[in-house]
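First the structure, then my questions, so here it is.
Chains: A, B, C, D and E, in written order; residue numbering restarts at 1 for each.
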Amino acid sequence: MTDATRRSRSWLDIVAVAAVVGALVFAMTSPRVESQGDSARMLFIHVPTIWLAYLAFAVTFVASITYLVTKKLKWDLIAGSSAEIGVVFTTVAIIGGAIWGKATWNVYWTWDARLTLTAIMLFVYIGYLALRRSIPDPEARARRSSVLGILGLVQLIPVHFSVTWWRTLHQSNTFRPRDIQMDGPILAALLMSVGAFTLVYASLLRHRVHLAELELVALEAAAATEGPVAGDAVTAPTIDSAGAGE
Amino acid sequence: MSNRFWPQAFAIARRDLDRERRSGEVAWVTIPFGAVALLLVPLAVGINQDVLSRIGTGMLFVVVMLFGVLTAVRQTNIETPAQRDAIALLGVDPVAEFAGRSMATALLLLAFQVVMGAVTVALYGLDLAGWEWMVVVMPLTAIGLAELGTLSGSIAASTNAGPALVPLLVTPLAIPLLLGSTQTVESITRDGVNLSWLVLMAIVVLVLAIVGVVTARPLQETR
Amino acid sequence: MLSANAHVVFRRVAARIGVTTILRDVNLTVRAGESVGLFGSNGAGKTTLLRVIATLLRPSAGEAQVLGTDLGSSDRFSIRSRIGLIGHSPALYPELSLAANLEFSARIAGAPLAAANDALETVGLGQARDRLAGEASHGMQRRVEFARELMLQPELLLLDEPHSALDPSAVELVEHIVAGVLDRGGAVVLVSHDVDRVAPMVTRTAELTGGTVR
Amino acid sequence: MSNRFWPQAFAIARRDLDRERRSGEVAWVTIPFGAVALLLVPLAVGINQDVLSRIGTGMLFVVVMLFGVLTAVRQTNIETPAQRDAIALLGVDPVAEFAGRSMATALLLLAFQVVMGAVTVALYGLDLAGWEWMVVVMPLTAIGLAELGTLSGSIAASTNAGPALVPLLVTPLAIPLLLGSTQTVESITRDGVNLSWLVLMAIVVLVLAIVGVVTARPLQETR
Amino acid sequence: MLSANAHVVFRRVAARIGVTTILRDVNLTVRAGESVGLFGSNGAGKTTLLRVIATLLRPSAGEAQVLGTDLGSSDRFSIRSRIGLIGHSPALYPELSLAANLEFSARIAGAPLAAANDALETVGLGQARDRLAGEASHGMQRRVEFARELMLQPELLLLDEPHSALDPSAVELVEHIVAGVLDRGGAVVLVSHDVDRVAPMVTRTAELTGGTVR
């Protein structure tokens, strides 16, 4: 790793943190939505995090395909790292949404199709991570998980369209996000927040991929050294022939 | 696709069905167990004919999905490493293996669904209007679940976690199928034929088939 | 040139399972018409080496060619049907009869079903053909595996302790099958702990210790 | 009861828990799978908060029972004939084996129930009044199901039918437990503490324990 | 009188599995201090006979006494802990380490845990003690079974093809364990296909054909 890449990485961290602070300050000082009160500011965490989760899973999708085409392990590391961050962002979005829900709907969870499908999307990627964890061999892990990384993206479609589909096909007795009117300042704050979280994502991804690369190098090094092989642990039985009847 | 594709696929399907016939797992465990599950729900939630006939179709597909997943993954679970090695060295085309396994599982799942459907109609007093569409819905569900089970089975095969992982992989991915089947039936009983959910299911089944075919070889390579 | 008629060419091959290194720096050449006896203490990695040769476990380093194909490339799948392996534990489906097991192999490999029957006769199980594999004795199951390889006629045959479980009358099967493969210009790698028994049927022996072949 | 009874029972329980820890079956499969099942039901039956909070407790126990049975019988299913022979020749007291297996399974089922309970409360918006009684209901359910699973496992092991039979044996017998648990919770939320259902459960658990102890030896003899 | 110091006394014993008769008219006496080599072709019923002697399969006819106890009575369970069996297929829990497997046996049988460790050292697996049984090689798994019987010191030891999977250095284990049992005044029944190897360690041989012992 060159000094330049290390420097650019720490620069990214600083910019990301600064952007989040800036965006949140802006969001907190943006005008109130009268109908919803201050809880509406949850918007600036809830929406960016879920969108960034989408982005993260899309990156996993693209990186998985790229891996299958190029067979370069680096792409698999990107896919896995991005999914990890996506899971974190999804969790934050769900928790944020639940807190927001308590404020507006007076329940943490309700049977909105979108909520359920979001939770299920989380399960898909938890399964993806569990699969990765259970395959120690880097190459096998890459091939197998890439299939799931590709399939998983299919889940984003029902999550995203759930609002539309259930409005036409299902009695939609719950809140529908699209009915919110977005004022200019709110939109601006939202866009800022999205931008800031994107920087956070980029910085997390770089760190995570770097860590994964280090793990890979360590694994290769351990295999290459003249350490013992598995068979060395087995020795000849120690039978002292005189003591056969001990 | 080699000219040995279909013979191999049929041989695999036949093997799976033969093994199932001898062990009777679906006939003697999955079906009775699923029926008991359908029986228990009214018992546990309190018997109220109104609520029951409302949740009937939904419960049917939940049971089909949960037990279907168990059936679909069982085909992979019962394979020993030695058996896996042996079949690999027979030179089986991985795509034919995917196809054969999926065919056998789909047939079993179809049988399971038919029985569960009959049980639900009997227990929950369902209105049968629109149920002729089940002729399309059930096979689509069966094929989709079978494809998913086979695919996840080969992803998880010979990992450390092994087959334990499979249900976790399959179930969330099966949600579009579940939604498709319940929503088709519901939309039909409500507004008459609405094909969009059926189309969704068909697309899912097709996508899974394509993914299964395309990834069969890369997945084999990791063994 | 060397590799043209060598069925197995390994140069500094290593193999891992997960993060455990099992084989390292394995050099091994097996030419057509050769049968190699492979010895080594328990846990040395003999079974693992056979699985690498059989394309079932990918080498983690080194150059490995089997039947003219690089094991690192994805062509290795195309040679699988030309390799036969009889392992420690029987690879039969316990719910199927002995005949059904063999017929399944025949269908997949594209061999005629009559060949399956003949092979079952050859190994002395003609009358037990309808017994379930799960209810057959250990030796009967091993014999079915021999029948499978007799039927499939692999070019490269890998045997892992072939004598175990076979009764004295069936032990001839090992020599018979090895001779058959060599006659067809194939090659055999035979793992065993019983040097005396194996000596007459191998052209060369090798020893596996410390994860490598000497 | 020999003086090796408790050491043997604990050794068996420890073995089962160790094996579970390594394979992670309950942690990685049963619990997520159960959670997904609880998540699916509302989606499939149509979303209606009112109906949901009404059927919540019932669904919880249906899920606990179905997956509980799977967990309980798994302990028997994964045993190979060679392992069974070996443990018999260690001179294990069949009663200690029954006790040890039941203990391990009960612990696993208790963990499963606690997680499922939390999921249900969160998802179905249940009223928590009277739920302190869960401290009694859940262990009783866990022990009862575990005893039933162990018992049926050893019945099945002594017949030719094998493990395929077990769920079929267990599930109908588990109905009193299911009724007991749902009714206790329901009766409490309705009329305040009503112990008769709890007493029923306690009796079932006790009867199963006695049956298990008394039949352990005769069942062993048929092997 | 005869049965007083005879560990196994079988008179016209028959055994069935399901509806299949496997053994018929078996007469066999094994006295204390005796070791009997049992031979017979594949599928003859050797493994089945061992399981009958081990009380694991009830005879369907005839008189059978083992360690002074009638196998028809329910007392047969009380002698189980005095019998050891090493069968074809390993009886280990693949998810547990080699040491944990052995310690489990020790706990059930009431042997000290130190004995489990010693036995593991004796069979040459001291350094592999923490390896999972499912990841141990075939021979390593067999060695653990030998360690178990070394630790438990049964009075009647039944061995089913004990030499298979053991490397030349470990083959001594068979003689060692047989000698140990005989020295303690016990008895051994040893099934094998390898007459030459078994001859030095048995006091007598018997042949199983047509479902009966000759």
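In this section, a residue touches a chain if its C-beta (ideal position, glycine included) is under 8 Å from a C-beta of that chain, and two chains touch if they have at least 3 such contacts.
Since this is a predicted model, take the numbers as computed values, not measurements.
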item	value
Labels of chains that are neighbours to subunit A and to subunit E	C, D
Shortest path length from subunit A to subunit D (each step joins two touching chains)	1
Chain hops separating subunit D from subunit C, counting only touching neighbours	2
Of all other chains, the one whose Cα centre sits farthest from subunit D	C
Interface with the most contact pairs, given as the two chains involved	B-D
Label of the chain whose CA centroid is most distant from the centroid of subunit E	A
Centroid distance [mean C-alpha coordinates] between subunit B and subunit A, Å	29
Mean-CA-position distance for subunit C and subunit B (Å)	36
Centre distance in Å when subunit B and subunit E are each reduced to the mean of their C-alpha atoms	45
Set of subunit D residues in contact with two or more other chains	23, 28, 32, 36, 43, 46
Multi-chain contact sites of subunit A, meaning residues that touch two or more partners	120, 123, 126, 130, 136-137, 139, 170, 232-234, 236
Per-residue overlap in subunit C, given as positions that touch at least 2 other chains	17-18, 20, 40-43, 88-89
Pairs of chains found to touch, sorted by chain label	A-B, A-C, A-D, A-E, B-C, B-D, C-E, D-E
Of all residues in subunit C, those that touch subunit E in their complex	17, 20, 40-43, 47, 88-89, 124, 128, 135-140, 142-143, 161, 164-171, 193, 195
Parts of subunit E lying in touch with subunit D, wherever the complex brings them together	18, 51, 54-56, 74, 77, 80-85, 87-93, 95-96, 100, 104-105, 107-110, 132, 148, 152
Footprint of subunit D on subunit B - complex, ascending	23-25, 28-29, 32-33, 36-37, 40-41, 43-46, 51, 54-55, 57-59, 61-62, 65-66, 161-162, 164-165, 167-168, 171-172, 175, 178-179, 182, 186
Subunit D-facing residues of subunit A, complex	107-113, 116, 119-120, 123, 126, 130, 170, 173-174
Contact set on subunit A toward subunit B in their complex	68, 117, 120-121, 123-124, 126-127, 130-131, 133-137, 139-140, 143-148, 150-152, 154-155, 158, 169-170
